[in-house]
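Each of the next two complexes has chain A plus one more chain, namely chain B in the first and chain C in the second.
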Partner chain A sequence: MKFRCERDILADAFGAASRAATGRATNPTLSCLRLVLAGDSLRVTGTDGDLTIEAVVPVADGKDGVVLLPAKLASEVVRSLPSGAVTIEVGDDKVQISASRVNFSVPTGAEGDFPKWSGSVGGGVSVPAATLSDALKQVVRAASTDDARGVLTGVLITGVDKKLRLVATDSYRLAIRDIDAAVLPDGAKFVVPARALGELQRLLGNAETVSINITENDATFEMGATRLVTRLLSGTFADYQRLIPPSPPNSLTISRDSVLESIRRVKLVARDPIGTPLRIRIAPDGVVLRMVSQDSGEAHEQLDGEMSGNEIEMSFNNELLAAGIEACGAELVTIQTSEPGKLAVIRPKDDPSYTYLLMPLRS
Partner chain B sequence: MTRTILHVDMDAFYVSVEMRRHPELAGQPVVVGGSGRRGVVAAANYEARRFGVFSAMPGVTARQRCPQAVFLPGDHAHYSEVSAQVHAIFHDITPLVEPIALDEAFLDVTGSRRLFGDGATIGAIIRRRIADELDLPSSVGVATNKFVAKLASKAAKPRPTPTGVLPGPGVLVVEPGREVEFVRPLPVSALWGVGPATLAKLERLGVRSVADLAALPVDVLERAVGRSHGHHLAELASARDTRPVEPHRDAKSIGQEETFSTDLVTHDEILAEMVRLADLVGSRLRSHEVSARTVTLKIRFSTFETITRSVTVDTPVSAGPVIVGVLEAAMRSIDPSSGVRLVGVSASNLCAPVEQLSLLEDDSWGPASRAVDEIRDRFGHDAISPARSLGRRRVRRPWG
Partner chain C sequence: MRLVVARCSVQYEGRLDAQLPEAVRLVMVKADGCVAIHSDGGAYKPLNWMNAPNTIREEETQWIVSNPKGETLTITFHEVISDSAHEFGDDPGLQKDGVEAHLQELLAAVPEAIAPGLTLVRREWPTSIGPVDLMCRDENGHYVAVEIKRRGEIDGVEQLARYLEVLAPDTTLTNLRGVFVAQLIKPQAKTMAEARGIVCVEVNYDDLRGRRPEELRLF
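Now for the complex of A and B:
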């Protein structure tokens, strides 16, 4: 196999595909990128067996063939080359990667057990890439990162009222985002690993639209010449709808930026910000954020906001609270509460498409 | 100003506490702990020590050396209670009490001398009060620093000999200025920080006593044992120790581990033990009113190879089942088929107890943990246990 390609194009393709490759599997081919050249189109694939990322790039002066390259090394090498044309030529057991006066000779991997593409090809529903990217940013972070938590490490993708709904929870907070796109029939439910969606988010940056196709076992996302397929998680996702309180009695509308800035400020007193509760008191005469640290003092800040309902004081994990408020994206956010030990509902003002539920700390 | 530091060390504490409950055992060799095939001796009285029985010795060896000894199971809860009574006496003398273990503490009595008399007098007061009020023996070392005070309390203790137990002086004072004279004849192994490895290196240099060590040029010493360790030893050899008595030394971690009489070979067996150990750790975290950000699993294989796996979580934990949940994946990635002789669970990175409430009710352990704590407060630790640990050893001891 032999071909020539622009460094920037090849570096992007190698970079994208190698994010799915893994050095931690027992199958050594999973630490490789698989390159398949047919005519003037090169397909670059990386996979860990559950998540696969593929990019197709145009090349010149090609001689067809298949080769496996060590993913990490190959993508680092290509990125380091001077800009301009890169030539890759496969020898007996080595691959020559060269550009102008630089040459690398890299061992090839054995074709062996490299997994086949398991996703679907074509036939998906198109969604603007920017819309999906925003939604992922708002939701994926709420999923659990603890592998032991099974289905909670995934994002529920479901059809509701002809919309696509994404839901994630680590059991302390829960994020819901609706997108105007009838990708799934109402009631259909799939759980996609949050890690795969995190990778998808990186790939969406350069795309106009993304085509989504979810089948029983896999979810496929295609963005132009790049596509990603991931196995779905099995297990029953929490019955999240039951958690949303119909009409919490207390409501506060407040500037998103001023709350975020205030949280950043008051948490300076906490040597261990995660272990120190952020207390928030919402009263007719204003909102007070307060953090008290046993060894390094205390901070409180008064903020203006528009409230209705009763005065209330609650404690939160400051990072979880800030993450939810930040994810709202709007200038004004509303925080609805009922009583101190019960969850808070955070939404962008007058925008029901995003909801963040957060449980308080007991204190 | 010259400091006056006391090191108070209870004599064979666990055994002495047991002797109060079993006066009929007076004069007999008594050993606490060491039951079971792999149990380890937690404490031995001086009569048992005459036969060469010491703490941390395998119970099997202890039984061989002293078959006539009475072996008692340990009762950690009771020892803690008695320890608190001992510490209350210390606090009558000075607030500067640094607890080292249940049975020993450093006291800085520099400021108490005008009220109670010199170090020797205060040492005698404490020793008499512990004897009169709690019916327990203790030894006191008095010196100008912690290091020498600790060596002095050791020299104040009763000495077991093949022919009987010789009473010690009870209170031993190393007068200011006589510290070097006191430490010189001691073997280097008496120094804090000299373990078997360092001892071997020092012996190669011909160093046996502290006096030999003091005579050694510092650069030779530093080359032999490393720079900071060498510096530390040189300081100790000249009886210098400026460490203050720190009354508020917070616990850095809380842990529980156990050696099993039969190796565990399956994940399920290990899990059952983890559930039990994590339950104890959770209980202790809550009784200290702290939560932990990091939890650690320790596994010792039958080959004595020991591994630890730590997980740091965003939401501080203090409930046994949550600790198990955090560590289970790490445990399952270990192959136990060659035999596991010890499992330990510990919690560190301690912080104020904030309990993050859960949206999914069934994984919030707060109310359940509180109910468990209340039941145990009223009816004892064994009144309620995780189901998975039922049928396993009922008596749980940190040694066993």
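Now for the complex of A and C:
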């Protein structure tokens, strides 16, 4: 096998595919990239067995073949090369990677046990990449990062009212985002690992559209010449719809940037990474954010906001609250509450497509 | 860091006079000027040492280390076996593992989990030999130094005993006592703690996490 390719193109393909490769599996081929050259098209694949990323790039002066390369090393080598053409040539048990006056000789891996591609090709429903990327940014962070939480480490993808709905929760907060795209029939439900969607978000950066195809066992996302396929998580996702209160009596509309700046300021006294409670008092004369730290003192700030309903004081985890408000993405956000100890509903003002539910702290 | 392995003898003059007879030892001279003389045993404690700032005068077969307090350490080299110097750069400091650091944070938030009525005065209370994990006060206003470990072993008890020894002359810390906290404390450590008047408390990490205020859940 032998080919020539521009460094930037090859580095992007190696970089994308190597993010799915893993050095922690018992199968050593999973720490490798699989390169398959047919004609002037090179397919680069990395997988950990559950998540697979594949990129197809154009090459020149090709001689067909298949080879496994250590993913991390090969990616770093290609990225480090001077810009311009890179030549890769496979020998008996080494691969020569060269550009200009630089040459690397890298050992190859054993081809035998590399998993087969399990995703779908074609047949998906197209969604604007920027829309899906925004939705993932709003939702994925709410998924649990604790592997012991099983299905909560995933994002529920479901069809609701001819829209695509993404839902994630770590049981302290829950994020919901609706996208105007009939990707799934109403009522269809799948849970996609949040890690895979985090990787998808990276890949969406330069794409215009993404094609989504979800089958019984896996989900495939295609962006031009790059594809990502992931196994789905099994298990029953939380019954999230019953958690959304129909009309909480208290409502505050406030500037998103102002409240985020205020949280950043008052949390200067909170060095405790667990999350020093942030107290919010919402009253007719204004909103007061207050934080008290046994180690570092106290801070409070008054903000203007438009409120209706009753005066209320609640405590929140400052990081989870800021994440929800930031994710709204609008100039004004609405925070709806009912009573201390009950969840708050955070939404962009006049935009029902995003909802963030957050439990307060015991106070 | 300069490391000298040598057959040497050492004379200390200062608060008392002490000497190390001729033997093979490791002499460490750290970048900040600290000098420590180690034998081939013991995990942490040098046979003799001088904390910075020091002045080191190197003569043909002797180093004379002196400090502003008037203490002098004279190292006489009979045979130098190895002499090397290494550039270490900045040290990132001690990184406690996740559970131990988290335990400290959790207990700082809920010191009553250690003993009823305990309130936090400060985390990482500074001493000349390192910070005490938590300094608290009990319901009588007496100070309590708390050392927290994931696993309670003898070295943890010794560490707390050293802190108590260093803090003992501080008369503002009224009736200072020590409490050794861990998820599980070994019997030998309990025995040693008891002999030194240190109270042992075992805490459950999961229970403590359950006491975190944000444990209010959606479902």
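In the analysis below, the second predicted complex is superposed on the first by the 360 of 363 C-alpha atoms of A that agree within 3 Å, B and C clash if a C-alpha of one lies under 4 Å from a C-alpha of the other, contacts with A are read in each partner's own complex, and residues count from 1 in each chain.
Operating definition for what follows: a contact is a pair of C-beta atoms (placed from the backbone, for glycine too) under 8 Å apart; a residue touches a chain by one contact, two chains touch by 3 or more.
What you see is a predicted model; the values in this text were computed from it and never measured.
Superposition note: with chain A as the common reference, chain B and chain C are in steric clash. Contacts of A:Y172 after superposition on the shared chain: both chain B and chain C are touched.
Of the two partner chains placed by the overlay, neither chain B nor chain C lies in contact with A:L37. In the overlay built on the shared chain, the residue A:A344 is in contact with neither chain B nor chain C. When the shared chain is aligned, chain B and chain C each come close enough to touch A:L357. By the touch criterion defined above, A:L132 lies against neither chain B nor chain C after alignment on the C-alpha atoms of chain A. When the two complexes are overlaid on their common chain A, residue A:L243 makes contact with chain B and with chain C alike. Of the two partner chains placed by the overlay, chain B and chain C both lie in contact with A:N317. Once the two structures sit on top of each other via chain A, chain C runs into chain B at 313-321, and not at any other stretch of 313-321, 331-339, 367-375 or 385-393. For the contact definition in use here, the residues of chain A common to its chain B contact set and its chain C contact set are 169, 171-174, 238, 243, 272, 274-275, 277, 294, 315, 317, 320, 341, 343, 357, 359-363. By the touch criterion given at the top, residues 102, 105-106, 108-109, 120, 122-123, 212-219 of chain C touch chain A in their complex.
On the side of chain A, the complex with chain B involves touching residues 146-148, 169, 171-174, 238, 243, 272, 274-277, 294, 315, 317, 319-320, 341, 343, 357, 359-363. Residues 291, 293, 313-316, 325-326, 328-329, 351-352, 354-360, 363, 366 of chain B touch chain A in their complex. Of all the residues in chain A, the ones that touch chain C in their complex are 169, 171-174, 238-239, 243, 272-275, 277, 294-295, 315, 317, 320, 341, 343, 357, 359-363.
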